[in-house]
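Each chain carries a letter (A, B, C and D) given by its place in the written order, and its residues are counted from 1.
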Amino acid sequence: MLDELKKIVFDGNIELVRRNLVIYTWGNVSGIDKESGLFAIKPSGVDYDTMKFDDMVVLDLEGNKKEGKYKPSSDTATHIELYKAFPEIGAVVHTHSSYAASWAQARKDIKAFGTTHADYFYGDIPCARALTKEEIESDYEKNTGLVIIETLKERKINPMDIPGIILSSHGPFAWGKDVHNAVHNAVVLEEVAKMAYRTIQINPDITRVEQYLLDKHYFRKHGKNSYYGQN
Amino acid sequence: MLDELKKIVFDGNIELVRRNLVIYTWGNVSGIDKESGLFAIKPSGVDYDTMKFDDMVVLDLEGNKKEGKYKPSSDTATHIELYKAFPEIGAVVHTHSSYAASWAQARKDIKAFGTTHADYFYGDIPCARALTKEEIESDYEKNTGLVIIETLKERKINPMDIPGIILSSHGPFAWGKDVHNAVHNAVVLEEVAKMAYRTIQINPDITRVEQYLLDKHYFRKHGKNSYYGQN
Amino acid sequence: MLDELKKIVFDGNIELVRRNLVIYTWGNVSGIDKESGLFAIKPSGVDYDTMKFDDMVVLDLEGNKKEGKYKPSSDTATHIELYKAFPEIGAVVHTHSSYAASWAQARKDIKAFGTTHADYFYGDIPCARALTKEEIESDYEKNTGLVIIETLKERKINPMDIPGIILSSHGPFAWGKDVHNAVHNAVVLEEVAKMAYRTIQINPDITRVEQYLLDKHYFRKHGKNSYYGQN
Amino acid sequence: MLDELKKIVFDGNIELVRRNLVIYTWGNVSGIDKESGLFAIKPSGVDYDTMKFDDMVVLDLEGNKKEGKYKPSSDTATHIELYKAFPEIGAVVHTHSSYAASWAQARKDIKAFGTTHADYFYGDIPCARALTKEEIESDYEKNTGLVIIETLKERKINPMDIPGIILSSHGPFAWGKDVHNAVHNAVVLEEVAKMAYRTIQINPDITRVEQYLLDKHYFRKHGKNSYYGQN
């Protein structure tokens, strides 16, 4: 069971490289096994070029290491908070993908400007507030998770409807029902960030799409009345 | 006959990936056989990486499936309206290519700023108006086709002279006399959208080219006095 | 002799594809044999993917075809004017490379903003004026060459010191002592156009570099006191 | 010993090509052997495509050639000044990477806008002042090094804390404890320059990150309390 999970999480990490979302060690993917409550995550600071599936680290949601010779990703505490707050999440992805990170550095929400966005994100992708000095100086990575949760709750966002966020002066987190889906959402987040960047350069006065277009495209692909794809 | 059509339509879909116009399932190509009135189109939501030529779906212009194990593209009704309105069209291409989609999201025409544009598009590439709430909530994909047709008619555009359009908050459609030509036009539309984006960043006051330059370049390549190429 | 010339010109054309300066048929390279006064050029509208070295067309400077089964590039008359006006030119390159074409569409000179530019172009890369209606409607391609020559003469530019130009609403021409050098200059022109684009986005008030920096970098690589490289 | 050094320096130069930081001859890497005081550097004007490890040139810090059939990089005197001023530096990298060079041409510091920057550069990446006419006309490359040193000293920057700089109207230099580290820093400098470019396009009013965020990210990866990675 753990070998299967480590294999899936390893493949998700490698997919980030293949999709040009990370260079060097700039990202991490984790995936959780709901039954056992254990999750696998990329080891800290290990280069993607030489990493092997068995280098993945397995932990429980208290952060105790269960398997693996390496220290887990330094962002592990952020992943844990997300798994604890949102049981429907099966995987978490963090990258510094360039357009999404630029929006994060600019401290602006990525507005829903079109149907590419609406097909995956049911509303603006929020830019979470900057952490305070206190939040940064103690338990930084845990507090990063708490600020994500705070943002989603304050804006009344169901995390499965908007499966990603950007963090002020940092970069994006995405998630999904499983590793495949979470990595897919991270790729889409970057594409949508790129289009939104160009959109406001062409027309700085453009506003978000009408709610009914957002509804149409999102529910064409999600929920019980969806008709996109083969199901 | 249908196998040949499915092969050509499949190749056109794959060419979109090879030219970096689509990722995942973000696009679709169809091609019509004029004699039988049947057309082949990409199946809905099937990934380009695993798709085979025999996965193409064949339909008639009333939307009845004639061959294929999958549901056709969710945008099929848009393709049908274009084939019904413009018998000279032999193929239709839809993508979310990044620069063209950004112009669409910005809700601005792509102006004819130079000869690259004029070689293929005899005037500005129009941005069709946004659909109304009513048009979106019933028969969305059919109404998308109708708004394309309305835009071309209102602007008195012959679809073979400007073989592409962008849809407000959505992305581009392109077409042509056959699949090869329609995909070519989709690639050029993206290149022209990219150049136009950079052009207005360098000089926001720039206006469209003079009519006589547009005439020269368009008719150098099209119509009875053309002298570009080997014919 | 002609086979050797055709081979070199063919390689130069293919190099444009390899360096991502052209797609489809959007460019052409010619090279001249000074002794015989004959030059080889890409055939018109032939796709780079299928083109063979023997498809190159050989002409004299009156435009008479000497060898080749195809019609020469539709831009042949522009090449001829440049060879006739500037005997020191051994090869001419035309592309629609994206950043240079965007500057051309914006109708702005590419200013000398730094040492990358100064290493190859001893001053601003001029944007030639738009052709008049009359110049476009008769002998368009020949008049394109004449406007390039007019621009260089008016600005007192030695074509070997600034081996490239952009044409209003069109794109770049570059040249050099031989095919290898002319293609190299076309690649550099695109890189310099890209950097200049980003430079003015970061700082719209930036001005061209000081003359003494331009002198230093240009003459470090060119002329009798050059000390760059192994000569 | 020298063969080992030449091999490492050669690999560093090739890595610049692999990471798309240089085309043609637009960059150079050197590495020093602290014990002997000898360093190896790329030869001047030799193309990356044909260069071999044995083409590297070995010199002492007075600029006397010890090994190699070629003339060393024309920027050798800049490298020498950096090695003499900062004994902790083990390697120096110069490129014309596109985004960093654009910031250099715009003559603006690359501000610390986020954690990607803070993970490697403990503060803004300075843009050194333009050289005077006198500095350019005599001992240009040596004076380039002196201006780098002057900038770091004036701003009280420890070169190991901010391992890179951009030079007005020119491009970036980066350095590090060894060749691998210096090339890594040059790649990151370009990525950070790209993100900063996009950040100010999205939000021109954005300011540098808070000092405590800079502290957190920099010291998470550097110094005695670091906890990133496996050490």
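As a working rule, a contact is a pair of C-beta atoms (placed from the backbone, for glycine too) under 8 Å apart; a residue touches a chain by one contact, two chains touch by 3 or more.
Only a predicted model underlies this, so the values are computations on that prediction, with no experimental measurement involved.
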Handout entry: Same or different residue numbers at the subunit A/subunit D copy interface, by half rule
Key = different
Exercise for the section: Provide the C-alpha centroid distance between subunit B and subunit C, rounded to the nearest whole angstrom. Expected result: 33
Fill in the blank from the handout: CA centroids of subunit B and subunit D: separation to the nearest Å works out as 46
Exercise for the section: Please set out, as single numbers or ranges, the residues of subunit A touching at least two other chains. Expected result: 200-201
Fill in the blank from the handout: Per the touch criterion, the pairs are A-B, A-D, B-C, C-D
Completion exercise
As the complex stands, subunit C meets subunit D at residues 113-116, 184, 187, 191, 194-196, 198-203, 206, 209-210, 212-213, 216, 220, 227-230
Problem - Interfacial residue positions of subunit C with respect to subunit B in the complex - result: 23-26, 43-46, 70-71, 74, 96, 98-99, 101-108, 130-131, 133, 136-137, 140, 169-171, 197, 200-201
